[in-house]
Amino acid sequence: MRDVFKYFTFRFLSIIPMLLLVIVIIFAGLQLTPGDPLAYMIPPEQLGSADFDIEAYKKAMGLDAPVYIQFFQWFGDLLQGELGFSLVDGSAISKMLANRLPATLELAFAALAVSSVLGILLGLVSSIRQNSAVDYGNTALGVLGISVPEFFVGIIAIQVFAITLGWLPVSGRIGYGDVTFFDRIDYLVMPALVLGFSLTAALMRYTRGTMLDVLGKDYVKTARSKGLPEWKVITKHAFRNALMPVVLLLVFRLPLLIGGTVIIESVFGWPGMGGMLLDAVSAKDYPVVMICTMLVAFMVLLASFLVDLLTALLDPRVRFE
Amino acid sequence: MVAKTDELLLKVDELHTEFTVGKRRVQAVNGVSFEVRRGRTLGIVGESGCGKSATAHSILQLLPKHGGIAGGSVTYYKDGKDIALSALPRNSSQLRAIRGKEISMIFQDPMASLNPVYTIGNQICENVLQHEAIGRKAARARAADMLTQLGIPLAASRLDDYPHQFSGGMKQRAMIAMAMICNPQLLIADEPTTALDVTIQAQILELMKKVQQDFGTSIILITHNMGIVSDMADDIAVMYMGKVVEYGTVREVLKTPRHPYTRALLKSVPLPGLNKSERLATIPGSTPDPSEMPPGCPFAPRCGLASDVCREEPPEVELGGHHRARCWHTGEGA
Amino acid sequence: MQAAEKSSLAMRNWEKLRRNRLAVTGFVIIALMSLAAILAPLLTPYDPGAVNLAKRVQPPSWAHLLGTDKLGRDVLARLLYGARLSIVIGLCSALGGALIGTVLGCFSGYFGGWFDKVMLRVSELFMTFPQIILILILVVFFGQGVFNLIFIFAITGWSGTYRLVRARFFSLRQESYVEACRAFGIGEASIMFKHILPNTLSPVIVSITLMTAGFILAESGLSFLGLGVPSGIPTWGNIINAAKAIDVIQNNPWLWIPPGVTISLFVLGTNFFGDGLRDVLDPNQ
């Protein structure tokens, strides 16, 4: 296990330069926006007061300093959680995020969990029962998954499960509070499944492919030659190896999933970061857009770090590199 | 040392194995018969594509999904009882009780035959744990013991290594350890040294001889290399296009080859003490496409002795002892 | 002689393509829908932009086969004319992205060195960052519009082709025929464009097909959010944009089922065709 730990530390340290790069890019993006680039860092109540002298304030805050000093000031603020204020309604970006981010994370994780389990399971069944009815059904699902736009899947789901059948609420989300988990999960089911739909299909197709590939490998034959029962050959020897490329596919698909939250949140009225980003884009609220972007980039980095760890756990060859 | 006996261990009779390629069925094994005797080594030789590997895989029904036994029988003799292996369903529990325990198998490419994500120890122990009521600790000790016997230093500590930390030769040793750990009656080795360096090849072959001496295991050694067979085998089956064309003891086949194909094979490789003075020769032509087999003897198009009669299926000619050849011209051209 | 060989290879591929059921199905779907888009004026008497407040939100009838929308515009006419723009946006963006990717991939793969290292990192950045969010940010900077959208799609969608071409160059550079060219003193540029580039063509064609499908989906998604093509211009995404309201989903299915099915069908056809094309052109992939 020590090699795993060493690998973890190494991977973790290696994402720090990427984090810094993202922060620099975001700062550059803010500098490029029209108007006073860092004026959004001024609290709105000060801007509103009658005797507020913007020039004096800027001087006091170092906003007239050279760009690199401004950068370090801004970076320092970031580290203390001061993310500035929206240009539109003057509310603190950190507060907006505190309201919105948990909803998006909840949705993304639910979708990721459901589609990983479902996609891999279906792919596994497909590969073992090749050319069966289940396999053909899965192939059809796979084709739909890459062709039907997710918002259309969402609209159909609303029409069928919420309006016609009345099983699930049309839209919205219940915040944390004294409601039970089961009260809240009703609202999560549809958005999570729809968001994970295309990922499920992709994972299914891919798992099927890699399983078929692995089942033809010599070490599977070795396992059979030892007299192991077929279920053990498939789970212990084949599946474990097929899982590694599938996890890699997950890395490539994660950005798509995170991006998809924007659309799915809009379809289901899910009060997450997607809606916040959309409003900000429509209103040209640059600081909010940039801070959201930064967070998304962090999420992507974190997600691919986690996936890296998973691959290292799965494949001894990776962690000895 | 366990004596070479005449006691029958495995009998393959008129075995036919087919593969489905697209919509066609290809006969890979076309009526193969041979016997394996206790404590002896049978070498199966032939060019690639002659069906020797398919024959080996048919014994334990380890064929890929699109292949299967289409006729004939494989019989395993255990304590006076005979078990028809070919009649057992693929992956059935009766067949699995034989696999790894009574008959085990090692393959051509040791890199590909070991599962990259499990430790060597895990993969060797798996075999004992499957077949014997034995604890993990005891299994580990057995595995370490086995690896030591096969010449891997510090075996106990290397059990926790992964296959990629082993060299090619060590991987094949690990494969042999895995195959031998339940002390099987028969070891099927499918081109066990083809993927290895020449120097390592000799070590692995020596090891297999040692294993046979120590455990009295019978071996089926599949190879395209006449030199290896002459060094290792007690009996030889020469295969061509899915058929055994000549069969007999090493002495019989190498000293008095009666099938033109065997002779051609022998002339194409340098063998110590056999063909020192002769020039090496190549076999003209190439093996025919299995789907466009000529009628009669499949070797006729490449054979110097071929005549009109070779367009008819050649007879199996008994030549005394177990020696037999499938040819119209067994008496000629020696 | 060489020309004959070339044409026989083309013929063989054409034969293979024709026998590939997937590719043929895909091609027929794309061809029929594109034809319908081109012949839109012959297929419908209505002007897609003509507002008719007297006939608002009418269900399908003989006069309006797919009904009318909130402004009384004929949905079928909007779908047919919208197809023109949606397909053009998808195809042009894919071509643009492929062009950028191919050019960068050529240089990267042929010269290697620091340029290659930097470009590889940049392409990784583009690949790992959610494309839709990148597009949203760029929409803030460039504003909405058909050409802006194509431009944004192209500059965010080149990384796949880039990596493909780069990898191809890297492997072909090692091939003996390129070595032979060098030995004969053929210039670098000539080797690059006359001898290596043509060999990267077939995977690029496949990726253009699949990218077109992706961009049509992206356009519809963005327009659905109201941030793609300005809402006055009919595209498939703008038509389905109406279904953001629950009462429309519930009461006016003709406003969202036809455009949704149309998008899905076209994307399906393109994916089929692309997969079939890959089977034919790239047998080892």
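Order of writing sets the labels: A, B and C. Residues in every chain begin at 1.
Rule of thumb we're sticking to: a residue touches a chain if its C-beta (ideal position, glycine included) is under 8 Å from a C-beta of that chain, and two chains touch if they have at least 3 such contacts.
Keep in mind the model is a prediction, meaning the values are calculated, not measured.
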{"item": "Chain contact topology (line, ring, star, complete or other)", "value": "line"}
{"item": "Contact-richer chain pair [A-B vs A-C]", "value": "A-C"}
{"item": "Rounded Å distance between chain B and chain C, as computed from the means of their C-alpha atoms", "value": "55"}
{"item": "Whole-Å gap between the CA centroids of chain A and chain B", "value": "53"}
{"item": "Euclidean distance of C-alpha centroids - chain A vs chain C, Å", "value": "25"}
{"item": "Sites on chain C at which at least two other chains make contact", "value": "none"}
{"item": "Chain B partner contacts - residues on chain A that touch it in the complex", "value": "215-219, 221-230, 237, 240-241, 244, 314-317, 320"}
{"item": "Residue numbers on chain B that touch chain A, as the complex places them", "value": "60, 62, 64-65, 91, 93, 96-101, 104-105, 107, 109, 112-117, 123, 126-127, 130-131, 162, 164-165, 175, 178-179"}
{"item": "Chain C residues touching chain A - in the complex, by the definition given at the top", "value": "127-133, 136-137, 139-141, 213, 217, 220-221, 224-227, 240, 243-244, 246, 249-250, 253, 256, 260, 263-265, 267-268, 271"}
{"item": "Chain A - residues contacting chain C, complex", "value": "29, 32, 143-144, 146-152, 155-156, 158-159, 163, 170-171, 252, 255-256, 258-260, 262-263, 266-267, 277-278, 281-282, 284, 286, 289-290, 292-293, 296-297, 300-301, 304"}
